[in-house]
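Two complexes follow with subunit A in common, the first pairing it with subunit B and the second with subunit C.
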Partner chain A sequence: MKGEMEMVSKRKKAFYNTDNFWGYLFISPLLILMLIFSVGPIFFAFYMSLTDWKLSGAGEFIGLANFKELFADPATWTELKNSLIYTVFKVPVGVSISLVLAYFLNQRIPFRGMFRVVYFLPSITMTVAIGLVWRYLFNSQYGIVNAILAFFGIQGPYWMADPKYFFAAIILVAIWQGIGYDMIILLAGLQNVPGMYYEAARMEGATSFQCFRKITVPLITPSLFFVIIMEFMNSLKVFDLIYIFINASYGPIEDAARTMVYGIYQKAFVHSRMGYASAEAVILFVIILAVTLVQFWGERKWVHYD
Partner chain B sequence: MTDAGKKKRPKVKKIQVLSFTVLMLGLIIMILPFLWMVLTAFKTYAETVQIPIVWFPEKWTLDNFEYVLTSMNFLLYYKNSIIMVVGVIVGQLFVCSLAGYAFARIDFKYRSQLFLFLMAVLMVPGQMTIIARYLLIYNLHLTDTYIGLILPLVPSIFGTFLLRQFFMGIPFELEEAARIDGCGYWGIYTRIMLPLAKGGLVTLAIFAFNSTWNDLMWPLIITNTEEYRVLAVAVAAIKGAYDTKNNLLMAASVMVTIPCVLVFAVGQKQFIEGVASTGIKG
Partner chain C sequence: MKKKWLGLMVTVGLAGILSACSGSETDTGTSAAEAAGQQTETASSRGVEGEEVTLSFYYWDALFKEQIEQLIADFEAQEENAHITIEPTQLPWAEYWTKLETTLATGDDAPDIFWVNLAHLIEYLPAGYMLPLNEDVMELDKYSQTATDLLKGDDGSYYGVPFLLDPNVLIYNKAMFDEAGLEYPSEDWTWDDFRTAAAALTKDDGSQYGYCFRLDTGQGSMHEWLFSAGNDEFDYVNSVPLFAEDSAVDGWSFVYDMMYTDGSTPTGAQMTEIQGETYFQSGQAAMVFGAPPKIVTFAEALGAENIGVSTIPKGARKACSFSVCSMAGYAGTDHEAEVQSFLKYAASKEGMTTLSAAGLTAHLECFDTYEAGLGIDVTAIQTTLENYTLVPILYSAEYNTEFQDQFNSCIGEVYLTTGLDRAGIQEIVQRYADQCTALTQ
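And now, the complex of A and B:
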């Protein structure tokens, strides 16, 4: 009887009064804009990578010619190599420093709030401005990096003119900028670790270092995993800092630091070769996807969810 | 009694001393570039190329700021940046709160499938789609317009997830009570959900401000004329005669950083908590 009444009332409900109507109405602005600006472009990028699309007019279908050209171009290999070097240095060094800092910040010490804010400051600052400031700091004549090195009796290199040091300088700045953000996420993970674990370990006579290795690290592996995944993705996509450091120079300096997204930018928006640039974007997408999948596959080996 | 008092005072442990010392040293490294930026912004050009380096300007001058604002046209770029940021924030708050509410509380068909679909789209790097997105804007003749700058940044999946999380935390009873009083979905959304999710809206607004204000690539490719240039592009484009004038470069850097620091100072708590929560829930 009751069920029947419900059925009747459900049938009587006008279309504009249903969950379906309101649900779709409410998500429609997001969905429509997303289809136009994200989903459509994803499929179009794959298609474009198989054409010789220029700025205006449709491109002609040329099969895998873009990819062949990419692999034959030494610049592509430089970009691939630089992106990997950047990632391989930035992620482990940055995350390790963040983890140690988060552990220290989780101790009972004064000024914790101030530390949190100051370490976080570079991650909210415009990367373009950070690039300008550090270019000046690394200036071999007037910069304070070499002035400080000279104070310790070290002759600093020509950071901004020597291709060998140029890219290293960029990676250092990237690490400097990123550690605060990762530190905050890891700190939140640390604060979720119940204090009783440490107390128990202390009773057994464990040292601080043992506590860190045997309790802290295993228990925050979920946060750590999240930070590493995010760092990998962002590092492979680095652009702003590279762009501002290269600052329209060319030759060995540009080659020392050009990464994949820099290459995509240049091909598409400097040389107006949209199809060719899309091919490189597809390669970047495949690399990011592969790296992410490998990490999720490796996740069960080292990440503990309780 | 004095004995008990003594016992209660915690002993300073080695790890605390070590932590504080390392964090203090790190603090210097974190703050020094900012300090140098601010100090240089008040120096004359001659002082920036002095050897050995001078730390403090002899006479603090505001000339650099005045020059950047007027002769280098930064007032215009400020205006454009503000319009872009406000547009993106308003757009995201509207679009993401509607969708976030629907995903949190309305039981529509294929809800979970659509949610998974959003997650998959979120995983695709923006650089992959930026070329097609640019061509779209270009062919619609929307390059060098505010619409072209703003609209593609509005549909934020991250923002939708963030607000959904907040809406899910609002008690069901309130919604039920409102429904009995004759409130429809729209009424519940505007009168109950939005006011109660204020913390989430503020957090999203701060995130949107930060990412839009600092964004370089999209405005760089979508604007060509000075009329629509934003600050990030303007700072990146300082070249030629100014490129070696570090007093001007640092003044420009200070001026683009100040709004970030102000917003951060106001919304520091929400922002840091928002960042922290991404790791726990993710």
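And now, the complex of A and C:
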């Protein structure tokens, strides 16, 4: 009996003295805030999606009616389609350009520091400012984009008024804005690749492209994986650039670019249908969760940590 | 295993950010109930006379900044109001409604006094956000009845002081008429007179348009054409769309022909890039429809001497849209007596005279002050108030924003599509009208 008591007290003492305890203690302020402001709301959103709460008054529990309405609404499918198109174009194109840029900016080229800053600048510029300025640049009559096209004898389209070009223009701007951040992460990864691998490869007669494909890419897969997973998440939840570009346009223009988060915003803050908006947020949550889990599953096959 | 946890944490963290909006809903849900509780408090528990009181006041129009500050200063200067301080907050239009609606619904930081337009009044009144005014706040016989009727609740009380009355008018650039050698628009103009003048004022090189339409549902856009075509757009009470009726198609087609046959107004695509009225404001269009506050904006841009005002051209009837903005109190305020007292002062001839320097108030004795402040002959506004059918822009009692969205999209699709004939226009507007109807079923 006495022995057991001693063991219990030993165990307790051991716990209070472990690094883990102090670790948990130090992260607890942030953890508690995250539980209150991030994790808690997720569960509340799940509950809200089952009610018809409209901002004022109390919402009634209506089961899965919001989801039924969402799936029957053509706007939901347009939003889902646009979010996927945006992601499918932005992620591969953006990451590929970032990787190539990072590779070149890791070489000893003149003005390397300046180029790094220039490519990174759009990432730290406010999206609102970027959206507003690019709207002007895309103006069919006064914009510089069409002026450049005209120089080459090409009649530029109505970028901001033709549904065929509107969304493409937004994706182009998003790629331009995003490459700087991805480039910096990949550049950091590149700088951790030991130079001796390249020296050895060159002695064996490898070309630059072979070095890039066989040494650079495999060794920066952890950075690449991080960049891709963040890009997927950010692309699926894109809102600010879309909102600024749509800029109170309606009909075909709005439909050409409305994404899921734009739809959530509209349902919640324009139509005051919080329950209905939460239902769409839940669907987006599930989509992002699924995509991320698939990526983590695939990680084992192509990401090398050693 | 650790990586899996990391993955889960990243995912959950992201979803947390995504759900942040939804999260606040629940917080606000609880508070809304509290707010409702606050509203049931008895008046006696609110505000003790003599105690220092600060009232918050939200409004959206920066044009009124000077007058609002003057109004507040005059009110506070009165001896009996020495204990009251009013803190005005001007919020940009786009943010105004989001912020106001959230604070009113939750009761957290809701303003004691706020501006409300017609489109929101119809939502806020039944929601119980607005304070019924004491009988002595407004001298009803001094106000336009068209305006006050809209502020009357089912219980017979009035819920706001209509400080701004905005019937739409035709605003034109005198210099452009002079240059073209045309007579200024008269109050007996018909649609055909308007179309002929617009075509004559349009320059072939695209540097000047006779008219600039607006591709939105603000005042002065499609409403004027539909209302004057004899169409009411929506049966607001029963939530029935009317904008696809034959009379409406006359209006839709008329503007379409001016745009794509005459070329006397910028196309839908051009107006998506540059808002319609910007053409007028920058001296690239000769005529525009707009509410009285726009006269001030345009006069500042083009010079008061270049601005003329006439009535909306007559179609099947003399009609135009109009809007009423009112000053209201929050039903859940802790200082009801002070709010009533301020609204009473604002509603007095003295208060309305101050505001009249910035806009046309609904107080019948302040028109001259307004006109004198403008320095522009605006008798057309008086004519409109007296002789026109004034139609408020109201979409649906129950599906207001949903109907407005459909209507907006309809305008967008009609005027962004080229090569339409009357049947093509009819098909598009009917489709949107059907979508409105489907929403109600």
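What we mean here is this: the second predicted complex is superposed on the first by the 270 of 306 C-alpha atoms of A that agree within 3 Å, B and C clash if a C-alpha of one lies under 4 Å from a C-alpha of the other, contacts with A are read in each partner's own complex, and residues count from 1 in each chain.
Simple rule for what comes next: a residue touches a chain if its C-beta (ideal position, glycine included) is under 8 Å from a C-beta of that chain, and two chains touch if they have at least 3 such contacts.
Bear in mind that the values here come from a model prediction, so they are computed numbers and not experimental data.
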item: First, second, both or neither for A:Asp162, with subunit B first and subunit C second; value: second
item: Touched partner set for A:Ser38, first subunit B, second subunit C, both or neither; value: both
item: Subunit B versus subunit C, judged by how many residues of subunit A each one touches; value: B
item: Touching partner for A:Asn192 - first (subunit B), second (subunit C), both, neither; value: first
item: Partner chain(s) touched by A:Ile253 [first = subunit B, second = subunit C, both, neither]; value: second
item: Partner chain(s) touched by A:Gly205 [first = subunit B, second = subunit C, both, neither]; value: neither
item: Which superposed partner A:Ile124 touches (first subunit B, second subunit C, both, neither); value: first
item: First, second, both or neither for A:Phe296, with subunit B first and subunit C second; value: second
item: First (subunit B), second (subunit C), both or neither touched by A:Gly63; value: neither
item: Partner chain in contact with A:His271 - subunit B first, subunit C second, else both or neither; value: second
item: Subunit C-contacting residues of subunit A that also contact subunit B; value: 34, 37-42, 44-45, 48, 53, 55-56, 139, 141, 233, 237, 248, 261, 264-265, 268-269, 274, 277-278, 281, 284-285, 288-289, 292
item: Complex contacts: residues of subunit A adjacent to subunit B; value: 17, 19-20, 22-24, 26-27, 29-31, 33-34, 36-42, 44-45, 48, 53, 55-56, 100-101, 103-105, 107-110, 115-122, 124-134, 136-137, 139, 141-142, 144, 147, 176, 180-181, 184-189, 192, 208, 222-223, 226-227, 233, 236-237, 239-240, 243-244, 247-248, 261, 264-265, 268-269, 274, 277-278, 281-282, 284-285, 288-289, 292
item: Subunit A partner contacts - residues on subunit B that touch it in the complex; value: 10, 13-16, 18-20, 22-23, 26-27, 29-34, 36-37, 40, 48-53, 94-96, 98-99, 101-103, 106-109, 111, 114, 118, 121, 123-136, 138, 151-152, 154-155, 157, 160, 184-186, 189, 210, 213-214, 216-217, 220-221, 231-232, 235-236, 238-239, 243, 246, 249-250, 252-253, 256-257, 260-261, 264, 268, 271-272, 275-280, 282
item: Residue numbers on subunit C that touch subunit A, as the complex places them; value: 3-4, 7, 10-26, 28-29, 32-33, 36, 98, 101-102, 104-105, 127, 129, 215-216, 268-270, 272-274, 401-402, 405, 408-413, 416
item: Subunit A residues touching subunit C - in the complex, by the definition given at the top; value: 34, 37-42, 44-45, 47-49, 53, 55-59, 135, 139-141, 158, 160-162, 229, 233, 237, 248-255, 261, 264-265, 268-272, 274, 277-278, 281, 284-285, 288-289, 292-293, 296, 299
